[in-house]
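Once you scroll down, you'll see the structures, which are given as structure tokens.
Look for chain A in each of the two complexes below; its partner is chain B in the first and chain C in the second.
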Partner chain A sequence: MSKKYGFYICSGCGIGEALDVKKLAEDILEEEGHGNIKFHNAFCSPEGVALIQKDVADGVNAVCVAACSRRVLTDVFNFPGAQVDRVNLREQVVWSHPKAEEGAEINPLQLMAQDYLRMSMVKLEKIKVPEPFKLEILSRKILVIGGGVTGMTAALDAADTGYEVTIVEKADKLGGWAASVRKQLPLVYPYRETVSPIVDDKIRQVRSHPKITVKTGTMVARIAGQPGEFTVTLKKPGDKIEFDVPYPLPPEMKVDENGKELDNDGLAVKYKEYNEGRADILTLDPAGEMFGAVILAAGWRPYQPAEGEFKHLGLGESPDVVTNAEFEKMAAAGPVIRPSDGKPAKRVVFVQSPGAGDDSDFPYASSVTSLVALKQAKYVREDYGDGKAYIIYQHMRTPGLTENFYEAVQQDPGIFLTKGDVAAVKKEGDSLLVEADNTLLGAAVKIKADLVVLAMGMVPVTQDDPVVNLAYRQGPGFRDIGLFDNYVDSNFICFPYETQRTGVYAAGAIRRSMTMEESMEDATGAALKAIQCLESVNRGVAVHPRSGDMTFPDFFFQRCTQCKRCTEECPFGALDDDAKGTPKPNPTRCRRCGTCMGACPERIINFADYSVDSVGSMVKSIGVPTEDDYDDPPLRILVLVCENDAYPAIDMAGLNRLQYSADVRFVPVRCLGSVNVIWIKDALSIGIDGAMLLGCKHGDDYQCHFVKGSELASVRMQKIGEALSSLALEPERVTQQEIAIDEYWKLPTVINEFVEMVEALGPNPFKGF
Partner chain B sequence: MTDNNAAPKGRIMVVGGGISGLTTALEAAEAGYEVTIVEKLPSLGGRVAQLKQYFPKLCPPTCGLEINYRRIKDNPRIQVLTMAKVNKVDGGPGAYDVEITVSPRYVNEKCTCCGDCTKAVTTEIENSYNFGMNKAKAAYLPHEMAFPQRFVISPKIIGTEDANRAKDACKYGAVDLAMQPQKVNLPVGAIVWATGWEPYDARRIDNLGFGQYDNIITNMMMERMAAKNGPTEGKIVKPSNGQAPKSVAFVQCAGSRDQNHLPYCSYICCMASLKQSTYIREQYPDAKIYIFYIDLRAPGNRYEKFYKKIKEDPNTFFIKGKVAEVSETPSGEITVVAENAVTGEKIRQDVDLVVLATGMQPSASIERLPADLVFTEEGFIVNDYAKGGMFAAGCAAKPADVVSSNQNATGMALKAIQTLVKS
Partner chain C sequence: MGDRKLLEPDVQFIQTLGERGADTLKKCYQCATCSVVCPISPDNKPFPRKEMIAASWGLSDKLVTNVDVWLCHQCGDCSAKCPRGARPGDVLGSVRSYAIQKYARPQWLARAVNDPKKLPILFAFPAVLFVVLGLITGLMDFTPELRHGHISHGMFFSSWLVDMIFVPSMTFALVVFAMGLKNFITDMHEAAVAEGKVARTDLNWLDLIKAAPKVILTILRHDKFSECGENKERATTHMMVLFGFIGLFIVTGVFFVVLYGSMAWFGSYELAWHSPYSQLNPVKWLANVAGIALLVGALVMLKNRLFKDEKVAKSSYQDWALIGLVLGLAVTGLGAEVSRLIGAATVTYVVYFVHLMFVFCLFVYLPFSKLAHLVYRTVAMLYAEYAGREEALKKAA
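Showing the complex of A and B:
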């Protein structure tokens, strides 16, 4: 389809006062042969919009609105059938720079506006209309891994919305942990009373639901493919089968005996050896079952103390010192007794923290361990009229409305609650003696006990095993869960379901210590996310954070050199390479960040409306003044700006009329991870004096919406520094700076300091060549 | 394989455009459903838009809001009504008739956000975004990240010369002083109430001196004070004289876990104070920080790790004890009196600034919602899943942190969808 351009230059909001818009059109657009240029003092007004609409109706399909930021008035400047680019003359040009002096040799604002207009011109020329990726056959079935209360709730919620669900449960019956408790924590307001387990009722609902299939004694051998068309192989626990998931080679196996990196053929041989008897991930199980999305609700296991751990508390020393999980089992079986002699356990001490001067709870403890102690203390009282329960805690953690339960338990005269530092649990005769310091009952107290219960935490099962067994080249589990103590959690506070594996949503205690009530709530959310992913795949659009994006990476394979960088660097594991190293894209796993595009040294990965060429051409369209133009030509600095955080920060700097150097030129990018180093090389080769990447924070508390983008960019920038040195250019000419969205006030300093630094280095020697 | 390509029927109304409401609305819309957000203030964002940072990542809430706003802009299935209030809800699950009143903003969609009206007016009003710690012009943008990005004219100046000055200053014809309240009737299939919370009114806690002494502020005021776009441009100071505090006390459970005020735990205040101690530390490396608490509720690995990090600070002191009273010394310091719960001794600590960790009061308890809902004694909405149709999300249902609110809000999107599917 040929392009018909329309350029609409606004003079409102101060633009017309600071810029000569007519001259802008003459110098840039008419020079390039563009004739359809319109002016208005407020293109966002009904009259202004009508002008554009009329043109679009007459066939204009490439619209450039040179006015305000693309973040504002998006609904106004939306013209179905046309691609729209916005030139930010307002926030980035006239609001952030003083008007040029009359008669000055250089008008920095006009030059800046010229550059931005030129960029838009080439961008509109280079980009294509995206066509959504559609799967040939879409499966709307949802796989739920784990048949506990979380998994069953997720299954019921998805099924009640009209979706087919299969639950796979490793054990031979449904129910999980919830099936082994005597009582549950309160589930409904006023949250004061424990309730009988609801698990049987859930099982009944699941069993009778026409849309739910239950497979007990079953686990996932592998999940291959992508959202909308996962091919799943199930098996019996313990079986070894051809479609067990293969594992990536550990680093030490990727080198030969001399420590030299193996080539792709060598790696393929090693990989086969390492995964002997298992089919490669790209071999689809012909007997596999198709699913569209996965809910991971495999739950938790009690923390297993190491040999000798908590010896000071008598664990392993006396059979009458047990964990809370063991106590629950005992209580579910009948009145609580002492394991040592079977006598009634009438005096039970619940220890919430290992003590010894530290106020931390046991590993993997949480508010659940506090609440469970309260619940279990009630068991002692239920079993024996003269029973006594003591809870020694550092912090009673009953947040929110669970405080009501704490308050209710406090009313029981047979339950004693105290803060305290437990120093030791010792044997005394046939019972135990708990010694605690700094309690509310006194400085050093000794409590005689029949039984001592330690409040061990809940360890996510992903600590031991990936469970999902994804047949992905990057490996079978979720990456980087080490950051989250092996919980399959999201690092995002705002987006708790977003993980690095599209279409796989975790729920319940596998991602954070949760009560059953919280787990069930969480399950409903995960069910929504699974459904939403399926429906997004069906529409051919991306899921969070680029929800609705119809573009996806397109590979020009003829020029692929099998370097594997794209496969390795994709934060979402969207690519699986074959034995030769050629990537196989899985578009519905893709989140459209462009990290692959940034990684590719051959520049063969591109999106319809965002490509190495489109951005590169924008960079190359920046006018670089030389001594032929001016006696003292101004510097030019390229700033590649993350559109998620840094770009809005620049807008807010504009809104606050903060001023910074007019030598910079901003080019927005989807994520710093998508920055291809060729753009920087292009910039420096045309004489641009310095380049900055402006994006978000990386590290453990990363803010990158694509997890790894800003981190990968920083690694690549270190490498480019080395390349610059070889060109006799100072590596300081290229930098990466972090700016959070609310740090707009730092922007002038960040920009101006860099500009001054480059100024001190002197102009780029390649200028003018 | 099912083929349910048919267009979903019915609309979901989400009341409240804070983080929970936004989440419910977006998650439902991105699953393919039509949604209307009804927000009472001129901008979406709610309570989190007033926070400097989230715990435990210490990241700005505007980062997530920006993505959410972009999701709204890109999604034609979402309708946003600001300055809007639900008057009446008739009907039942699957078929509700809702009547909404939209208050006049006095600025129409022609607003370009140029700011000329602000320059033109002279009247100043209390800035509620900053809890009254400073003034704002009567023609204003609620804040930089306001969405929609459109100015507002305070009804206080309507009918005055100032209003005319705003009108005359606008080159775009965006100031419409004749704007009237509008009634909107909306048929919807399901409703999610994400009406959120209000900071508990600290004036009601007689013994803690708020409103009596200048140098006692609330935790939400601290958020605004520490924020660069706040009343002090981010500088944490003593309100009495604008000077730097050398010592700060945090009073936990100010009104929470107290039968005379809020009997429940407000969930977030412990973590919020730990977080705010980092705001202070960033500006004042030597300031002494005292945290008076009953239980430090930092549950789970992620929060416990954060608490551990704060404990490493040698000038941050944790005192287990509920603050009983406060008073002012002749030199203007605040004396905090508490009983150490462990040793029983009375502690008196003089500090320059006191931060009351006030809790959450459900908004629905302050102004009852015009719908057939069941409330707890404290005003939280009790979800009745068996009945369906209407659900509460986030802090309208119970006190919660942002992560839990968003999980909950995502789930409530599905509950609302189920109502549409079933009806």
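Showing the complex of A and C:
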């Protein structure tokens, strides 16, 4: 399809005062032979929009709106049938730089606008119209792993919406932990009273729902394929079957006996040996069941203290020292008694922190353990009119309206709370003596107790087992969740429920410790996400975070060298590879971040509207003034900008009229992970004096929308430094800077300091060649 | 650490405090807002935060022997500012009430005075006593004559009879106080020394009394009340009632001396200077002014309590009983006088009889009721002054 261009240069919002828009069109567009150029003092007005609409109706399919940021008025400048590019003359040019002086030799604003307009022109030439990827057969069924309150709620919500759901539960009956408690925390306002377990009612609803299939005593052996067409093999726990998921080779097996890295063939042999008896991930189970999306609600288990752990609290020393999980079972069976002699346990001390001089809580403890202690204290009072329950905590966490429950429990005259550091639990006669320091009641106190309960935390089951057993080349579980104590990562700042695996949505206590109330709410969220996934996959668009993006990576396999970088670096495990190492794309697993595009040394991975060539051409279109043009030519600095964090920060800087060097040129990228080093090389080879990558925080507290993008970029930039040295260019000319979305105020400093640094280095020696 | 303190919560204590206006004490979550707003809270001791958790843990020992509890004048700033509505002011008030009852002997009477159900019996007792004693002694005349042409209450209820009852009553109150105070001071001193919050660690009774002039001046001037934010206006009513009582006490003392002095002088009961005294008599002026102060003060107190926001302060039975007593004394006292002056003989005798019953209640039930704060608080303030509470705090800071 041939392209028909339309350029629309706005002069509103101060653009017309600072720039000569007519001259801009003449110098850049008419020079290139473009004739369809229109001007208006407010293209966002109905009149302005009508102008563009009329052109689109007349066949214009490549629209360039040179006005405000691409992040604003997206609904206004939306013209179905045409690809739209926005040139940010307002926030990035006129709002963030002073108007040029009359009669000066150089007009920096005009030059900047020229560059941005040229970039847009080039981009519109280079990009193609994306076509959605559609699966041949799409399964709309949802698999729920875990039959506790979370899983059942997710199943009910999804099924009520009309989707077929299968619940897989490892145990022989539904209910999970919720089925074993005596009472549960309040579920409705005013959140003051415990309630009888609601799990039986849930089980009844699930059992009678025509769209829900329940498989108890069943677990997932493997999930192969991709969202919309997962092939799932189920099995009985303990069984060994051909379709058990294979594991990737551990690093020590990837080398030969001399420590040399194995080649692809060698690796394939080792992999076969390592996964003896298990089919490769690319072999689909012919008997497997098809699912479209997965909800992971496998829950938690109580923290299991190691042998001798918490000995100072009498654990393992006295049968009357128990964990909160054990206490719950005792309480569910009847009035609480002392395990040692069966006498009533009328004085119960709930210890919330291991103490002994340490302020921290028990491992995996949380607000839930605080609330459970309050709930269990009530049991003591329910069982015995003269019962006394003591809670000694370092941290009492009752967030939100659970504060009401805390207040209600506190009212009980027989429940006593204090912050304190438990020093020891000792035996005294047939009962126990709890010693505590630094309490609210004094420095050194002791309390007589019949029973001591320790507040063990909730460990996600993903601590022990991948659970989802994904037949993915990167491995069966979720990568790097150790960062989150093995809770299933969901880059929770922005995207709750989402895991690092598209189409798999986590809910409930596997995600973080939660009460049943929270888990049920969480389940609804995950169910909606699973539905969103199905309803995006069926249209061939990305689910998140680039919701609705129709593009997907296109591989030019003839030139692939099987280096496996794309497979290994994809943050979402979207790529599998065959025995030779050739990547096998799974487009519906993809989140369109372009990390593979940035990783590929052969530059054979591209998107229809975002390619190595399109961005490279934009970079190369930047005008680099030389001594032929001016006596003192200004520098040119390329800034590759993450469009999720840094780009909005730049807009906000403009909105706040913050000023920074006019020598920089911004080129937005989907993620710093998509930055291919060739762009930097291109920039330096045309005489651009320095290049900066501006993106989000990486590291343990990363903010990357694509988890690993900015981290990978930093690794690649270190490598490019070495390459620059070999070209006799200072490695300082290339840098990566972090800027969070709310740190717009930092922008001028970050930019100006780099520009000054490059100025000090002097101009790029390749300039003018 | 061999000397760990064993914590043994007393649930009964918590419930008792609850019945005395501190039903909210368990709401405290130890934020210490009370300590920040409290005008008497030292910089380095979170008062009354510590007292609040001791109360919610039912640690009665820690509270009833605590001198600081008595230094609080219930200004209500803490209760008004408490984010949880725990009303620390009322909690301290209930602790004081509990302490009064704890130190009073006999205990059965202390319990009765603090039990609203026993109120009719307590009130009926003097009535029966008066009538029985009057009939036995013949000092009560149901058809009294006029004295020198005027109605005289003494003709109905002889001064002999009055004093026969009230002199032992006062003695009883003094003995009960003396017994209670000895234990109170000893306990308070022990606790204060143990907590290291006083400068003096010995207990010298003489030095204790030497602190009196300064403390009494502070009390009379109502200095502590003026430090309050919330209940500032209380200073005036309290002052009216306190000075009313003092005035009436002086009047009673003067007339007691006049009656028995003149009797001794003349050697005859009949010739002695009997009441009623002339309205031109300056002592009578004092009596009237004091009576009116008592009445007005008590009425304003009643009004304040009736219209007080329950979230800031809740009145207990002990509070109402005291206001009732003061009001009863004032109304019957002035009522008896006015009805006498207008010549309503029957009315004035009846009102006078009721008035005497109130006076009996005032004396005999004093060491067990809220009014005992008059003595306990004064003593606690004395002790704080004597033992150098302020100095110790400054030193610790």
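Going forward, the second predicted complex is superposed on the first by the 756 of 769 C-alpha atoms of A that agree within 3 Å, B and C clash if a C-alpha of one lies under 4 Å from a C-alpha of the other, contacts with A are read in each partner's own complex, and residues count from 1 in each chain.
Convention: contacts are C-beta pairs under 8 Å (C-beta built on N, C-alpha and C of every residue); 3 or more make two chains touch, one makes a residue touch a chain.
None of the values given here were measured: they were computed from a predicted structure.
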Counting only touches as set out at the top, which of chain B and chain C does A:Glu407 meet: first, second, both, neither?
both
When the two structures are laid over each other on chain A, which of chain B and chain C touches more residues of chain A?
B
Just checking: does A:Gln703 make contact with chain B only, chain C only, both, or neither of them? Give me first, second, both or neither.
first
A:Lys446 contacts which: chain B (first), chain C (second), both, neither?
second
Quick one: is A:Ser2 in contact with chain B, with chain C, with both, or with neither? Answer first, second, both or neither.
neither
Touched partner set for A:Ser208, first chain B, second chain C, both or neither
neither
Overlap of chain B and chain C contacts on chain A, residues 407, 419, 440
Residues on chain C engaged by chain A in the complex (per definition of touch):
1, 3-9, 11, 14-15, 18, 26-27, 29-30, 50, 53-54, 56-59, 84
Which residues of chain B touch chain A in their complex?
1-2, 4-5, 19, 26-28, 30-32, 52, 54, 57-68, 70-71, 73-75, 109-110, 112-114, 144-145, 149, 171-173, 227-229, 257, 263-267, 295-302, 304, 308, 320, 341-342, 376-377, 380, 382, 398-400, 402-404, 406-415, 417-418, 421-422
Which of the residues in chain A come into contact with chain B in the complex?
12-14, 41-42, 44-46, 68, 71-76, 137-141, 157, 160-164, 188-190, 359-361, 364-368, 370, 393, 395-404, 407, 419, 438-440, 484-485, 487, 489, 491-497, 512-513, 518, 521-525, 527-529, 531-532, 535-536, 538-539, 543-545, 547-548, 644-645, 648, 652, 655-656, 696-697, 701, 703, 705, 740-745
State the interface residues of chain A toward chain C in the complex, per the touch definition above.
386, 388, 406-407, 410-414, 416-419, 423, 435, 437, 440-442, 444-448
